[in-house]
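The following block contains the structure, expressed as structure tokens.
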Amino acid sequence: MNSEELKNILAELQRGERQVDEVVEFLDHLPFRDVGVAHLDTHRGLRSIMGEVVFALGKEVKDLEIILEGLLEHEKNILVTRLEAHKAKLLKEKFPQFDYHESGQYLVKLSHNNYDQGRGTVLIVTAGTSDLRVAHEAEITLRMMGHKSEMLVDVGVAGIHRLLAYRERLMAAEVLIVVAGMEGALPSVVAGLVERPVIAVPTSVGYGAAFGGVAALLGMLNSCAGGVGVVNIDNGFGAAYLAGLINRKAEG
Amino acid sequence: MNSEELKNILAELQRGERQVDEVVEFLDHLPFRDVGVAHLDTHRGLRSIMGEVVFALGKEVKDLEIILEGLLEHEKNILVTRLEAHKAKLLKEKFPQFDYHESGQYLVKLSHNNYDQGRGTVLIVTAGTSDLRVAHEAEITLRMMGHKSEMLVDVGVAGIHRLLAYRERLMAAEVLIVVAGMEGALPSVVAGLVERPVIAVPTSVGYGAAFGGVAALLGMLNSCAGGVGVVNIDNGFGAAYLAGLINRKAEG
Amino acid sequence: MNSEELKNILAELQRGERQVDEVVEFLDHLPFRDVGVAHLDTHRGLRSIMGEVVFALGKEVKDLEIILEGLLEHEKNILVTRLEAHKAKLLKEKFPQFDYHESGQYLVKLSHNNYDQGRGTVLIVTAGTSDLRVAHEAEITLRMMGHKSEMLVDVGVAGIHRLLAYRERLMAAEVLIVVAGMEGALPSVVAGLVERPVIAVPTSVGYGAAFGGVAALLGMLNSCAGGVGVVNIDNGFGAAYLAGLINRKAEG
Amino acid sequence: MNSEELKNILAELQRGERQVDEVVEFLDHLPFRDVGVAHLDTHRGLRSIMGEVVFALGKEVKDLEIILEGLLEHEKNILVTRLEAHKAKLLKEKFPQFDYHESGQYLVKLSHNNYDQGRGTVLIVTAGTSDLRVAHEAEITLRMMGHKSEMLVDVGVAGIHRLLAYRERLMAAEVLIVVAGMEGALPSVVAGLVERPVIAVPTSVGYGAAFGGVAALLGMLNSCAGGVGVVNIDNGFGAAYLAGLINRKAEG
Amino acid sequence: MNSEELKNILAELQRGERQVDEVVEFLDHLPFRDVGVAHLDTHRGLRSIMGEVVFALGKEVKDLEIILEGLLEHEKNILVTRLEAHKAKLLKEKFPQFDYHESGQYLVKLSHNNYDQGRGTVLIVTAGTSDLRVAHEAEITLRMMGHKSEMLVDVGVAGIHRLLAYRERLMAAEVLIVVAGMEGALPSVVAGLVERPVIAVPTSVGYGAAFGGVAALLGMLNSCAGGVGVVNIDNGFGAAYLAGLINRKAEG
Amino acid sequence: MNSEELKNILAELQRGERQVDEVVEFLDHLPFRDVGVAHLDTHRGLRSIMGEVVFALGKEVKDLEIILEGLLEHEKNILVTRLEAHKAKLLKEKFPQFDYHESGQYLVKLSHNNYDQGRGTVLIVTAGTSDLRVAHEAEITLRMMGHKSEMLVDVGVAGIHRLLAYRERLMAAEVLIVVAGMEGALPSVVAGLVERPVIAVPTSVGYGAAFGGVAALLGMLNSCAGGVGVVNIDNGFGAAYLAGLINRKAEG
Amino acid sequence: MNSEELKNILAELQRGERQVDEVVEFLDHLPFRDVGVAHLDTHRGLRSIMGEVVFALGKEVKDLEIILEGLLEHEKNILVTRLEAHKAKLLKEKFPQFDYHESGQYLVKLSHNNYDQGRGTVLIVTAGTSDLRVAHEAEITLRMMGHKSEMLVDVGVAGIHRLLAYRERLMAAEVLIVVAGMEGALPSVVAGLVERPVIAVPTSVGYGAAFGGVAALLGMLNSCAGGVGVVNIDNGFGAAYLAGLINRKAEG
Amino acid sequence: MNSEELKNILAELQRGERQVDEVVEFLDHLPFRDVGVAHLDTHRGLRSIMGEVVFALGKEVKDLEIILEGLLEHEKNILVTRLEAHKAKLLKEKFPQFDYHESGQYLVKLSHNNYDQGRGTVLIVTAGTSDLRVAHEAEITLRMMGHKSEMLVDVGVAGIHRLLAYRERLMAAEVLIVVAGMEGALPSVVAGLVERPVIAVPTSVGYGAAFGGVAALLGMLNSCAGGVGVVNIDNGFGAAYLAGLINRKAEG
């Protein structure tokens, strides 16, 4: 509900077309509905471009079916993240209009793409090939949000010259998502090379004292370079969503 | 050094105005100097506005004196962070041109301020009054970088309506820094209200199972709201530096 | 044994109908049996309404069969919690009078229900839909204890207005059970809105730095709002049992 | 603002005494003020009895002075918790009307006491004498809230018969606060003896693998007895506040 | 080799029946062989009663077959601990003379039993029925060592009177092994009741913040009662071995 | 109260010298008083030899004065453990009959010593000289209990031959207390050399990843040698108390 | 590219045989290519002996097939580590020229072996038989690098004389790799016996408080003996690679 | 004792100059003394060059005085590590021949230096200036052992070109000690640049989620580059000792 509608109702009261009690009743629930609507409106600014995202981890196939049916009624773009292959196979039988990405573990239906939401390019950098699945989740999320992204894979710090060879691409990006497991040192090095925001994503790649991504997470939080923001372990979606907010064009 | 300069040197060699050995000597250090210079140049873009920042934690007063003397020769703006009061007192005797901020624990000399670096306002939000010292560190950092910031203090989630009363200010910010200790829930709530990047700073405020900020840190990393990037515990400087990079105007 | 019986025995001794040694022998084991009986009596006050609860985690089907057979002899209400579906299937073949709840993972036989044990309503609030399995365990436990409960699902802090829209229902509850995974911030917000006891249940919902519910647990223990008591991760039964004790009518 | 006031404003609009724009302007900020007021009203129900509580940990004396001056204008009861002795000494010079409790580390001014807020007695039980400081914080908090409390000290599980000797007092309490450090086993034993809510408070009493209260905290969260809610380590205030909410008489 | 043999060799040298180089060669490896033998002799004192114990966790069936074949040549008593049922089934086909205990997860061949090694009875006490598998491992180990043991099951601290009813049996034991998961409080209570050594075994029974036995382990290490020694989580064998050493009769 | 007294009371009832109500009243509190007395009696068996032990950590001097005054009335032997030097100095002024041991941090008054409580010698072995303070606490505790102890200092595993040189002393002990910080490997090696119970005490000696004794604690709990029981970090008293119980002569 | 080549190019420019733009173009990529090449050259020194190593953990069979096909074109020696048996079976069907080692979990093709890369022998020592799989990974890695290695198995610290019997072999080694799980004490003892570098490898062997190798890792990091370097849990490859670097002959 | 001496004694027995019992007595203690001597001899090979090192952490001044007096009788080189300034001041008064290094926190007396023990140069690299104190401890240790060392300070990964500018010095070193706090990423990058052993030393430099060096430690253990061995947090001595062993010349 916008101000115009509210004015109309009050004008109706003024003109005697509504009773005080009726308007009190209406206003009684207004604050939250109003706030809610305003809140949703705001979000809708972003969501009307992006569509809806479903986090599938721990949800059963039958629940996902109900959710997808509901969303298909009004959403053009739908992304299901963290979806195991065996669940995806069952869903694809019912929803053939979706595509499944095995490495990125997502199911997606992209009906419209509007690649002019970003001020620049988001560069997704990974330390190793095993970090790719997280990078793919970030990539599709950015695509949903209407941002251009590029990927630079397997440029971990053990072979620092591989990374330096791409210095120009690194410096040309508007925002960088840096994905790394094990010791998680790559974001520090990248943030030292560029003057743009770096979103660091620790991954659960590694073994032993990697503790499922904790070593990488701590490494990133303690980065000696400025300009690094960290998200949860393996959270490619969260990193991309933040990168998208950062890269968004000013609203005209 | 730019391509033009390199071309000139090589042209001088071609014209016989330089010797091969002289150019070899020059090029021998070029890659790193060149890279270094380019790197520094880039940084200098930011640093010429910002000045220099010294992290004082664990440094002795005599070391800080040497560093400040060195910096005073060529820097207009100098910020010393994490400086305990007793050290500050000693430094102020020697460097009276600096101001000390007791709560923010910083010593600063700001000779020029250029408040037109940002696209919008950075809003610093704190859950409690004890989080202020971290907020003050963020505030001065943003000021060094030439960004406007505002502060919204003591709007923690236990009294959610205090926060909601400021909904408009929250939604008007270009970037938000949200500072909270204890359970660290404020960034989730704020990120649910706005569509802008939220930089979350866990603080060591709390006791017992707060574990010096770990509870807040974990809360922020696991935020159920999108668009939250986390920095290290009590790292007000890091949050502001990232916010500054995000808020920076496009280079003309 | 009550005081009356004891008096009778001593009177018999006084009247010469019993010998000193016989009474000494009797009294020798009295304290513990007596205490035990008193203790059981007390519990029986609650248990005669509630029936018996079996915790199935780690118990084999054959053991559960023996336990259920034993209980069926004298209990009207029997609840088996934390029972996986494949075990439930085997038990249902032998005990068709039980019902299995797949999401709540419990097997139950409720022969009598007495919904007048509570002073008011216990409201079960969940942050997300994935927290439902824990909420269902709490719900059936309250039903066993004879308390009315209601459920409010998926009102997590990332969309704070969803929660605020239910402010009246929140404030009308006598006790609140708040179930949340990830950052576990919901109990803090709820406890800030109501003036009733809040039982917080962290869930293992989440990934990465959620550490199987530890992040939520720490968030709840460090709640900046007063009036929050915490139970173990995923412990829906424990939360409901405590809520039931709090909500119990004074004994007439 | 209550419904009556809202009705009056709308009636004024209806009668032409106010303009639509004026009412829109008014309503625009209503939701939050309204919600805020309602929220404060609710709290005021409890706070008008209790007065105000200030958490002093990490606050400087000068800040505490400002806060106390402000509170003294309108509060009859004021409690300052977690206040070290040296700070208390300085505050007492300025505020001689306050009393300081060294063991409980609180400063208090109790101008009126209304001991009829509770349905029954809150019993505070401690495992050892070192847990007393936490018990004292709980005791004064309950007194602020208008509840009767009793204390049972040094009845830890290593000498189980000391505890059992007080079985009747344990069973007579309406709510129990059980305070224990080291292995934190006392709440389990107490909860097994009574049929009332047990609020467990782990304390940082212990050394080595007690890890500052973590061992006791884990022990309490894993209690094999039902009816135990846990608060943060050393959080005597939180335990008492929850106990007070549980013990509160129904509002007539 | 004993002193007598050594004397003989030296006497042979003295008598010219051996050469210096031959004796040097012999002595060159003597220290370690000698020490080794002495060491083994000592152990053999215990091992000649006990036989051999094989820890099967992580060993493959084919390796276990080779080990058992080797041991069967000279050992009368053989115990294989931590053996899963499917492995046991394969081994039983080849070694029908062994018995498998499913709950205790051990395979055993006991050819001779000598129940007069102990000074008294070792009492194994468990908090719950789920702790039985660890208790069974302790039981068979004691039987191997020639000690009498008794078992007291499901006397956890939540129902303290169950435990107290067995006060006499507790006090009659020479050594007590107390097995408990969850909060691990039972050893503290038992050690407060008896004046004998208590070996505490934490078990991985529990969920959530039990952290696979860590809560119980910490509880036991922080026992407020004296006389408690702790072994690793689920280490029934280790507890029994220590109990056996404590209970061993003085060597005549 | 013993059986004889109980018989007398009942006989008085039988003879009409007491009334039923009077005996009921008496018996009503009997169980716990009785149990309590029996419990104390049992303990008194040990305590009449040992005297009383006060744990001073966290207790203030004024509290310790009250406790010591109370104990001096009826105890011959009194031990105060974990007492810092500055507190000891104040106590010694008031209680000159006590001796203070600076390294062991205990204050002691030993009026009678009865060194015939043990079956053999308790050997206290330390890995380094820094572990001595814990060893001294163990030593005085054993002396209180009437056991002979010997000490073997600085025989850590880095120089294994130092330890082996004392093989005979190790093997001659009835019980061994092995004290070690850092990696805590000494108990494993010692337990491999002897066939007696080994009580392992981790100490907080070390730095960095020693984590205040956690590394040593984990090392001891995971000992690959049988016969090792572990106590809390730095708990010399607990180790000695357990060793004393193990070494105690059978009661005639 | 060496200095000589650079001089030639510049000389060609000087002689007019090259154009400025051509040289600029060349130099533009020089730094990184140059650095890269130099770096790769260096590595190639080692890699031309060793061949290529593929870490298979988390890689799918189809990816491994692509990688192996690529490597077979130019590598004589190829090692695939951390390869589960079922994956190995599939790969062997396509690549019959490889051998699979079940315990060491590696697939290998060794076409040439050059055992003269080391200054001495690398001795691999294991505490138990369960540590063998890690030892086998170290063994094949050393073989790839052209170093002689020997193995000493099951000489853990619980039977210290087994280890001492091999004192001469220990002292004869140039570098030692010591592999141990549980308490991880073996490296300390070995490093105390030799004067050579000891590479310690914690293994995940153990249960309960072994925490998947953490106890062993902490034990090794806190070694009281000098000369111990630690690698990640179960990292046999890393230990051998480091040992190989240490043992490498000086380059002629 | 060497073989020659043993032969002489046996020859004396053969010649009747010694009795069997006398030789038995002698041999009885031989193994350990012999082993001990051999062991000490071996060490003496290194120690005769190095002198003695005293770890002062936790030792009192009076104990250090006794130790130093003892050592001064026969050692030319003495190093006291981890010595706080106030203790050093007291010791210097008594032992003026020692020098104290404030940053490195060591006291040293170097009477002879023999810089020809190493095959090459040990390069000590630090990430920041705060890591210098650890580097200084490593430097003096290497000097004690007779190795040449160089230092490269403040070349952390945030400014990667600073490090690359020293590529040649890095590649020229025989062994590298890399010291870093915070995220501890420097060893990975250095190990990727060189083909020599890298000893990584995590430091406690950092705050918040650095957890006193744990983040750096985990980063180093999970290094994605080969050839990295890790020592305990802040253990400059241990790193240098290991580097010295690696760099030692073959014994002629």
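Note that the chains take the letters A, B, C, D, E, F, G and H in the order they are written out, and that residue 1 is the start of every chain.
Heads up, the rule we're going with is that a residue touches a chain if its C-beta (ideal position, glycine included) is under 8 Å from a C-beta of that chain, and two chains touch if they have at least 3 such contacts.
On a predicted model such as this, the values are computed, not experimentally measured, just so you know.
Under the contact definition stated at the top, the chains bordering both chain F and chain G are E, H. The chain pair B-C and the chain pair A-B differ in C-beta contact count, and the higher one is B-C. Chain G has its Cα centroid 39 Å from the Cα centroid of chain A.
Here the CA centre of chain G is 25 Å from the CA centre of chain H. Of all residues in chain F, those that touch two or more other chains are 32, 35, 39, 159, 164, 167, 193, 208-210, 214, 217, 221-223, 226, 232-233. The chain pairs satisfying the stated touch condition come to A-B, A-C, A-D, A-G, A-H, B-C, B-D, B-G, B-H, C-D, C-E, C-F, D-E, D-F, E-F, E-G, E-H, F-G, F-H, G-H.
Contact residues of chain G toward chain F in the complex are 127-128, 156-160, 164, 182-185, 188-189, 191-193, 206, 208-211, 214-216, 218-226. Per the touch definition, chain H reaches chain F in the complex via residues 32-33, 35-36, 39, 57-59, 63, 202, 204, 212-214, 217, 232-235. Those residues of chain H lying in contact with chain G across their complex are 35, 39, 42-43, 45-46, 119, 164, 167, 171, 193-197, 199, 217, 221-222, 226-233, 237-238, 241-242, 245-246, 250.
Considering their complex, residues 3, 6-7, 10-11, 13-14, 16, 20-21, 23-24, 27-28, 30-32, 34-35 of chain F touch chain C. On the chain G side of its complex with chain E, the touching residues are 129-130, 159, 161-162, 164-165, 167, 205, 207-210.
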